[in-house]
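The next part holds the structures, each set out as structure tokens.
Look at the two complexes coming up: subunit A is in both, with subunit B in one and subunit C in the other.
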Partner chain A sequence: MAAIELSGVSFRYPGSTGEAIENLSLNVDDKATHALLGASGAGKTTMLNLLSGLLLPTSGRILFGDRDVSAVPAAKRNVAQVFQFPVLYPRMNVLENLVFPLCNNGWKKLDAAARALEIAKELGIEIVLEANVSALTLFERQLVAIGRALVRPDVALVLLDEPLTSVQPELKWRLRRTLRKVQADLGVTMIYVTHDQTEALTFASAVSVMHGGHILQTGSPMEVHDHPEHEYVGFFIGSPGMNFVKAEVKRGAVRVNGTALASTDHAEGECTVGFRADWAMLAPDGLPVEITGFRPDAVQNGMPVGIASLKHDGNRLHVRAEGLIAPGPSHVQLKHHMLFREGRRVA
Partner chain B sequence: MLALDAITLRAGDPPLNHVFTDAAITVVLGANRSGKTLLCRVIAGLTSPHSGELLLDDAPLASYLERPVALVTQSFVNYPAWTVADNIASPLTARGVARSVRDTKARDIARKLGLEALLHRYPHELSGGQQQRVAIGRALAKGARVLVLDEPLVNLDYKLREALREELRGLLVAEGLTVIYTTTDPVDAFAMAHDVVLMEDHGFVQSGAPLDVYRQPKSFTAAALMSEPTVNALSDGKTVGAIRPEHVRLTRPGDGAVKELQLLVEEVETNGTHTFIHGLVGRDGWIVKVEGMVRAEIDRPLQVWVREADILRFESH
Partner chain C sequence: MLPEQHNNRAWFAVLPVVFIVAFSGVVPLMTVVNYSVQDILDVNTRFFVGFDWYRDALRDERLHEAFLRQLMFSFTVLIVEVPLGILVARCISRSSRWTPFVLVLLAVPLLVPLNVVGTIWQIFARGDIGLLGAALNGLGIEFNYTQVPLHAWITLVLMDVWHWTSLVVLLAFAGLSAIPPVYYQAAALDGASRWQIFRHIELPHLRSVLLIAVLLRLMDSLMIYTEPLVLTGGGPGNTTTFLSQYLATMAVGQFDLGPAAAFSVIYFLVILLLCWLFHTMVVSREP
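And then the complex of A and B:
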């Protein structure tokens, strides 16, 4: 296993005009779990292929530990990958699938079987070693696929590409828990690529939010949620995403069309005020809005609670509310807020 | 008004009776394989029911081609070699409507759906959400009164799902269509439904306004279906209690009678907005839903509380 370092990596697909990945730098500690989180088109798949060696960077360096692998093709990188759907040899049993990567690397049969058993125990699949993989559930097959990725002790990096996709929703957390347990037990470096914030925030100790071929922010799950450095990060993480309203700082207050929403000691000028649904409340005065809908999704202490949809200047906003909320004009007050300029957080 | 009169989907299935509210969204909520897709096909006229009748304004529905019902499936099929305009107008093409009329109609519909700028694009040049709107546009061009959407958001990522729920709802309600929308996700029901119909084993379990069904489920199954994530079970032999994940608390509630329980924590998952703590109470798997990002130690017991008033009790069988 190794620390992974990308410095100034760019990649452009042949024939395309723009960079799919542009001047990207990333550090993943040895034995760490790191998530690359972004919507489709953010550059996640290109990153996976750059890490596995299926694509080589147009410029920049990729280091595995102190080994420069920038020009090293996939077969020589010692990277294992787990895909969305279990990739296994359908005619082999579980044990044969697990020993296959080892025997290919010149392991003796007995040693390979011992190692396979060790990994199978770790994953809790030792009782199905003799079973043909076609007889297993998708959940079990994905465990075997994970086993295949982990069986070689010399693997430098394990890449996980939305590995929970094929598993039933109510079993996803079990597979994720197993993944985390084996990661900790075996001390493997894992990079987990996903568009799903729950998977990223739950699985990884560090999350990089990707957008347009860049990493906008890297931090702990708590940091990227509570302290987005970028408007897009605030929007992408959290359900609903952060609200944004054009504002200005004047005479010690954040103002929208002159209405003071919060005091601030930040420099005067135009900005965007960002607030999460639970940092705001409906009130008799404040930011004027139109309530367009209230769809409670729970009842707490007899009171319906949920997210109210609002419009302000044609912008859609979401605020947590409770009680009986009718459509019509209202106002919003802020309990907490952040300020952004040119997309970046300034306060 | 669309009504199901003692419809059975297959031999031996329970009869389905329901009157769908006109010009409103009815969400049919059920697990995979509960019969949702078959119900959609029966309403659209692609499959005949085993028995019973489908009535529109008290008259039996016409055969598939004349039926004012359109079906949009989860794979939102569009004609790949046709532009957005031609895709939207395709039901008119099939009827031999002149091109100039088709184009005007397609443009009107595209405007409503926010697709006007994309009329000359091809489906593969569109995002998932846009492709889906084209499929809905085709249903509108057909002049359908009833629109059946079979798990329309299932293939999309969560951020798009979030936006489309709100967008779709506004759009469908504005069009005055009677919408039947199937899903496995209670979040869709809360966000979109005028009425919700719960489905299990090809039968209807309960129907009503989403919050009414949430407050007063008739059975444990109904409580579980209308809960995201599913309810926790607490049995005392005579009755079985269903407790919603958002009603399990990490601090002792001040008011009324409470039950104190030990949860052995197995996993803590979060989407930033909520934290879901999975664990065991006795031998039952439980999930606790709390606001914000909360830490809890795995493989450790955690004290949790439930208000007696929040326990939904059902006869156990």
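And then the complex of A and C:
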């Protein structure tokens, strides 16, 4: 187990014109759970393969603790990975699957079996040790795959590539809880890749949002939700995502088509104003909008509260509202906002 | 879902299939069964002889030898073609732009007509003008497949390997391509050796296609006729006379229709039995 450090890592697939990962730097603390979050094509899988050593970076350095592993191939990196669906050796039973990585690293059979039993108990699969993997449910198989990833006590890093994808929805929570418990008990460094933000935000102590081969922002789940450094982060994180409206700063106020929405001391000029659904409200005056729908999700003081869908200049906006919301014209006022220029947050 | 309905008229829907199977399979087979219990002298003169022909066939020494040769041949080609096919399939890159070209090239022998295959090898292995035979002789290795039984066998097996290994290669390649790449990634991270990857990932995933390959090659090699007939004519002596050629000699050469028919039925049952054994012992033991 070790802290992971990537500095200036780039990777280009042979024969392709662009970099899949470009000048990327990342620090993951020892024993941390770090989530890589992004849409498909953001470079998450390439990142995983760079970390595991299945791909070697075209430039940049990867450190595991003090050890420079930039040029070390997968077999020598001491990294384990859990895949989207359970990857097990089909003709082996559970125990044989679990001891396989140990025996390949020169463990004695008896020691390996003892260690496998320890891990199996941790995961609650000790009763199926003798079973052939083909006889197990998908859920149990994924537990075995996780067991095989965790069985090496000195494993430097465990990579999880959307490990809940193949598990039935009602078992996802259970598997995630098991993962968290195991992580706490064994103190391994985990990097968890997913496109599901709920999964990432509830599992990890730190989140990196990836887009187009870059990490746009790294921070705690709270930070990336409440203080997105980048328009894309605001849009991608949160349900619904952040609202964005083209605006300009003029005479100490943020204005949309001349209507002042909020005062600001930021430099004048074009910008984008961003606000979460909770940071705005419907009001008699302000930004003119058209209410197109209302989805209540709770009742407070006898009134429905929920997310109102709005239209402004062809843009869809979402604002938290309460009461009986009917379709028709209305206005929005901001309680809190952020300003973005060229995609980056400036205020 | 609709409630289940019973209507016996539905059986009429099966009739076309019954007719097709009857005319393509059952009727010709029954004709043979009919012949096999008669002594046929000419079209109008025939006697019912019961199971005499069967008894004769089962006691025929030459037939026993042909049967053993047949088993040995099938066994040999399976032992060579299946591992060789897997090996070649493993060497074909899965992502190169040349892959389709290589696959088509490999399939070429499968498209060559059987008697042409026989002729190609008949010439190829000749000691005087054949590339293989003359080259061997030129190197000082006496090679003559028309005189030496071992040489005839080697030539036959080489020919069959040339002709049919591609089938195993194509099947194995399809099987290997179907293995998700994550299995290889997991194995790399687990520090598995090349042999362990083959043993624990590739072989289990190839199991079902290999069973098909073995079954196809077993059935086909048990029925081999044209190629040895053209290549060696069953010689030298009877050393490469397999069951089908023995049968043809009996039926067409000597016109012993009764014994030939009896032998046909036995031959058919033996192939059926072997394939059934293979199926019950190996295929249906799949978990």
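Heads up, the rule we're going with is that the second predicted complex is superposed on the first by the 336 of 347 C-alpha atoms of A that agree within 3 Å, B and C clash if a C-alpha of one lies under 4 Å from a C-alpha of the other, contacts with A are read in each partner's own complex, and residues count from 1 in each chain.
Basically, a residue touches a chain if its C-beta (ideal position, glycine included) is under 8 Å from a C-beta of that chain, and two chains touch if they have at least 3 such contacts.
Computed from a prediction, not measured in an experiment: that's the story for all the values here.
**Q** In the superposed arrangement, does A:S208 touch subunit B (first), subunit C (second), both or neither?
**A** Neither partner.
**Q** In the overlay, answer first, second, both or neither for which of subunit B and subunit C A:S134 touches.
**A** Touch status of A:S134: second partner only.
**Q** Answer with first, second, both or neither: which of subunit B and subunit C does A:Q142 touch in the superposed model?
**A** neither
**Q** For A:L54, select first, second, both or neither according to whether it touches subunit B, subunit C, the two together, or no partner.
**A** So A:L54 only meets subunit C here.
**Q** Per the contact definition in the header, classify A:Q197: touching subunit B only (first), subunit C only (second), both, or neither.
**A** first
**Q** Of the partners subunit B and subunit C, which touch A:T218 in the superposed model: first, second, both, neither?
**A** Touch status of A:T218: no partner.
**Q** Determine, under the contact definition given at the top, whether A:Q183 touches first (subunit B), second (subunit C), both, or neither.
**A** In the superposition, A:Q183 contacts neither subunit B nor subunit C.
**Q** With both structures placed on chain A, which of the two partners, subunit B or subunit C, ends up touching more residues of subunit A?
**A** B
**Q** Taking the stated contact definition, name every residue in subunit A that is touched by subunit B in one complex and by subunit C in the other, in rising order.
**A** No residue sits in both footprints.
**Q** For a test of understanding, state which residues of subunit B touch subunit A in their complex under the given definition.
**A** 157-160, 162, 166, 169-170, 184, 187, 190-192, 211, 214-215, 228-230, 244, 246-247, 255, 266-274, 276, 278, 291, 293, 298
**Q** Going by the contact rule at the top, pick out the subunit C residues touching subunit A in the complex.
**A** Touching subunit A from subunit C are residues 180, 182-183, 185-186, 188-193, 196, 200-201, 203-205, 287.
**Q** Give the list of subunit A residues in touch with subunit C in this complex.
**A** 49, 52, 54, 73-75, 77, 79-81, 83-85, 87, 89-92, 100-101, 104-105, 132, 134-135, 148
**Q** In their complex, what parts of subunit A are in touch with subunit B?
**A** Residue list for subunit A touching subunit B: 39-40, 169-170, 173-174, 176-177, 195-198, 201-202, 221-222, 225-226, 236-241, 277-278, 292-293, 295-301, 304, 306, 309, 316.
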